[in-house]
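Here it is: the structure, laid out below.
Letters A, B, C and D name the chains as they come in the text, with residue numbers starting at 1 for each one.
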Amino acid sequence: MAKVPVQFTLNGSEKAEFVDGGTTLLNALRDKIGDTSPKGGCHQGTCGACSVIVDGELRLSCLTLAETCNGATITTTSGLAEGGVLHPLQRAFLDTFASQCGFCTPGMIMAAKVLLDHTPNPSRDEVVEALSGNICRCTGYEPIIQAVLTAARANSQNAA
Amino acid sequence: MELRKSYFADVRKDDLHEIGQARPRSDSPGHVTGKTTFFADRNFPGMLHLKMVRSPHHHARIRSIDTSEAEKHPGVVKVLTAKDVPHNVYTILILIQIGPEDETVLADGKVRWKGEAVVAVLAETERAAQEAAAKVKVDYEVLPAVFDMEEALKPGAPIVNEYHGQNYYLYDSGECRKVRFGDVEAGFAEADHVLEQSYQSSPIEHAPTETTGCVVAPEGNDRFTCYTNTQAMFFTLDNTSIILQMPGSKLHFVGGTVGGGFGGKVDVIVEPIAILGAKLTGRPVCFIYSREEEMQISSPRAAEKVVIKDGVMKDGRIVARKVTGYTDAGAYSRHSPYGAQKGAGHYPGPYTIPNVWIDTYCVYTNRTPSSAMRGFGVTIGDFALEVQMDKLARLIAMDPLEFRFINAYRDGDMKAHRQPTEGAALIECMQEAARAANWPVAEKYMAMSSYKKGA
Amino acid sequence: MAIRRGRGVAAINYPTGMNLGGDPTQALVHSTPTGNFMVTLSSVDLGQGMKQIMAQICAETIGVPTDRVVVDTADTDTGPHCMGTFASRGTHRAGNAVIQAAKEARQVMLEVAAEELEVNASDLETDGQGNILVKGAPQKSISIFDVALSAHFKRGRSISGRGMFLIPRSYPEKETGAMKPSTCYAHACTVAEVEVDDETGEVTVLTVKNVFEIGRALNPKMVEQQLVGGSWMGISHALYETTEPYYPNRDHGGTDFNQYLMPGPGDLAETEIIVLERPSGDGPYGAKGPGEMCANPQIPAVANAVFDAVGVRIDTLPITPERILRALKAQAN
Amino acid sequence: MALALQTFTTVKDANAALTAAGSRYLGGGTLVVRAANEGDISVATLVRATDPALSTIALSGGKVRIGASATMAEIALHPELGTLAKAARAVGGPAIRNMATVGGNLFAPSPYGDFAVALLALDATVGTDDGDTPIETFLAGRDNSRAIVTSVSFMLPRAGSFRFLKVSRVKPKGVSVLSIAIVLEQAGNGTVSSARIALGCMADRPVRARAAENALLGKTLDQDGIAAALAAATEGTAPITDPIASAWYRAEVLPVHLGRLLLG
């Protein structure tokens, strides 16, 4: 089977692998590179559990072919904590008890991170819109919305 | 959330150190960093992918199965049919002696629902398994199907499942589980009003974000480690042991970290066939439901029909309640015979009614086999009961909440299934709800208690 | 067009466990050499937080802080049998097993401490911070760290315990149905307020006020997680969910999260949760099973509120805009 | 046959590659990668073109040309396309909008394709290497269309003359019960001088509501003025039945929502 090279920066480190043609970014990350933080909840683009950030944009890694990411800079939830210190969003998810089973959490955090990167002080409606492509079956969403608003407040307090 | 400590303070000691404290969850740091290991986060070199060929018909005889082209497909390692499964006809509740065995791991001679597993294909890649699955030829003779419980119970209806011989589960009490308490006909005769209403529900999917699945690794010592998201480890292990006729000592199940279950992961569906695949190929195997399979193949909450007939007095007392509940098991039992009888134990709801008659049926149809879901055997019954309560209150021009106070069970009241009520708190919940919602309720009800003098 | 408002109420109870098949769960507890405690189970955490709750139960029983307890589950090679996580039984059944195992381990721990302090074990108590004190003479104490070291390397004692909680099987009586299908019961009452668009049949759930009686909130934040998420699921069941939208036609079943409908983050009702605690006689620290019942009362409460708003009864779930609109048109004729 | 991706810099070369059996054009991936993931083994070769012109959004003299690879997110954020932002934001959640392209939306079967509904109301022109095609013609023949769509072009509607509504069960991001796009001009006395109404989910692809358009001409936008248009709204439609809503329901509520959009 024809293998194709993929090479990108993942959470600050260079990655290069050979994958089968047509391999999704999700499968390349999980099966080849060993970053299992993006989850395969549907492989249809309808659940958001596989969300990652590619060159600053939120993407569904299950619908993105790995080959199309050559040269890209990719961030996943496993790369957010720096030096063992949790990202404010991760901290807020803990503090507001925003995870239950945790399967949707990495994708939710990715969606929230892109929001806060562009909109540091979002309204509730903006948070709702930012999370709208991500499914959670456990929490009823409210704790997750609160987590994102909490992280935004923590950020603005740190900035002040 | 608010804890209202004023209720039941006399029976509760608040002197604990760790209990009652909002300690952080030990698993959350793993969740927020993406480091929690779910079953599918395990990847083994040389792992095979299992894809299932499924029935396109609701009910059909299988004339023949031809897997020869699929077996030749590049990347295919093994193709499994019914004859490969050591104990192909099983039922999961056999572990608690609820039989007969009525379901096939892989269809043998017949399919009884659209989506039933017929042939399993194991291949080097998911794509190869999908392509080979498309090459499996199954010749079907379509049979008449029945989708409605009442149709299924009529004489002459197509028999869905020959292992039962009739389209209902036969309890020791007969065609339904029965509860008889008092004299329900006398109650109706004495009632000021009698109201009979019918309620129905659709099947519901659990829809966990993580689909059902497992990853199996042969260990080289004749043991197999199965990483699974089952909700019940030994329940699955022991059923697998029966299906594969393999001693339990050969099986090692690892799980306990599940991406949502809601009752949808208590069927023993993926593990036996995946372990069989690993055994026959000597290779690691993963069998993970696609989202489409999770939505339409995995067991839903059963569709139910509930008929409630009540006798009520003008003063608000319910004097008789007759409930006939139908649980649509679909084509196979799975957990449904249990759920139907759990319903029998739940009716007539949290109310003290002197005359009660309950029949609950577990019915077989050619719908997707149903199983447990959050609120199993109770959720739909509660919908029916509580809408019925609203109708009864309006029938006698009484406030719906006050009507419930009149009938609410209290400590010591005998339930229809002949257990005395203990630890009741319905009245207090209603009082607090009335306060929270500014729902006007007469003072005498707000002064009630679930405690009874002398109880 | 008219947006019409209504409210409805529902009250329910919910059984804990599945006694109609026999309902056992086991647990093992042991200390490490430095006085941390391992709880070994085969119980499954579906996301409801069983691992954390079992740690808190063990910690409370032994008398140590929760962060000194590690829960190891679910591995069939090491964990003893558990019937499974369903029927609102996890916390109740496994919690009782953990208490029993932890009590046995605690007793050994106190016996070793008694030998070290040269007192009777019955005269000792724990301070919840990791120390064992002589009752009435707290200056005479020993750390659990030192007790565990002593047990392992000096006294040759295993600070460990076995727990088994079994509710024996209840067989329903054939003719009368007399049975004991479960143990304790949780309770709930929900008031829902809705708006119904009488031209489209669309329902907006404005508020749900839920009161839940759950025996004991072992960890209030985790209970809140369950109850808030359950309340959302109840509304979802009431108004959205079906795998067969056009039954008896079985076509058009949803196959993804776009087609299988559930309320999105923009559909949330203002949700109030109030918890009452009437400890159950047989529950771990009085707990009952809250996980399932919390999704039940919203369904009839919403159904009753829809009737209150527009005067039509939808007795088939889910209560879709189409069903409401058809009923409104039938009512108008 | 394993899946493979072929990348070309020019549309011409990509078009040539698409003549091979089993080949499909890869836009944002939201349709075709999903199909492959779900086991559609008819998809074997994915072909893409990286010509930067495909992603360019250009405005001149009131005319807009959007490259077919432009995403919904790019349109929603474009400073000069504010009128269309609502329609672009109607597609999917944020991640989908970063991926879903204008070209792909033209092929999305109902209940998807909300932006194509807007393009139909805008009377857009669909460009391929073979030339330009009116969108209505293009949509009618899309099932047999092989040439890569390179652009869509239309006259930017005057502010206030474009209206868009998406009705969904799930908020804020549900699939459409239906969607409606209207480009409407009014004379000085307030009467409607021209109207184009496009509907989503009222057929297997976006369709025009011509009877309603005609019934609006010369009328004022009030309850009486729009009554005839609402009565004619479903004329010529064949609404889909899917898990979101039945054809019956869609037909019942179309006039309600059309009325609210016209009066709102």
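One rule holds for everything that comes next: a contact is a pair of C-beta atoms (placed from the backbone, for glycine too) under 8 Å apart; a residue touches a chain by one contact, two chains touch by 3 or more.
All figures in this text were calculated on a predicted structure; none of them were measured in a lab.
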When the mean CA coordinate of each chain is compared with the mean CA coordinate of the whole protein, which chain is closest? B
Mind naming the chain pair that shares the most C-beta pairs in contact? B-C
Report the inter-centroid distance (CA atoms only) between chain B and chain D in whole Å. 42
Per the centroid of Cα atoms for each chain, what is the distance between chain B and chain C, given in Å? 17
Distance between the centres, which are taken as Cα means, of chain D and chain C, whole angstrom: 47
Chain-centre distance (mean CA atoms) for chain A and chain B, in whole Å, is 33
For chain C, residue numbers touching 2 or more other chains are 46-47, 49, 221-222, 224, 228, 230, 233, 245, 253-254, 256-258, 260, 262, 264-266
In chain D, what residues contact two or more other chains? 2-3, 38, 172-173
Sequence positions of chain A contacting 2 or more other chains: 1, 20, 42-44, 46-47, 97, 100-103, 128-129, 131-132, 135, 137-138
Select the category (line, ring, star, complete, other) that matches the graph of chains linked by touching. complete
Write out the stretch or stretches of chain A touching chain B in their complex. 1, 20, 30-31, 34-44, 46-47, 49, 76-78, 80-81, 86, 89-90, 93-94, 97, 99-106, 109, 135-138
For the chain D and chain C complex, residues of the former touching the latter: 169-175, 241-246, 248-249, 252-253, 256-257, 260
In their shared complex, at which residues does chain B touch chain A? 24-25, 27-38, 40-41, 43, 125, 206-211, 258-260, 262, 288, 290-292
Residue set of chain C touching chain A in the complex reads 46-49, 221-222, 224-226, 228-233, 256-258, 262, 264-266, 268, 271
If you look only at chain C, which of its residues touch chain B in the complex? 7-15, 18, 20-22, 41-47, 49, 51-52, 55-57, 59-60, 63, 65-66, 71, 73-77, 79, 81-87, 128, 169, 172, 174-182, 184-185, 187-191, 193, 209-213, 215-224, 227-228, 230, 233, 237-238, 241-245, 247-248, 250, 253-257, 260, 262, 272-281, 285-286, 291-293, 295-297, 299-301, 303-304, 307, 313, 315-318
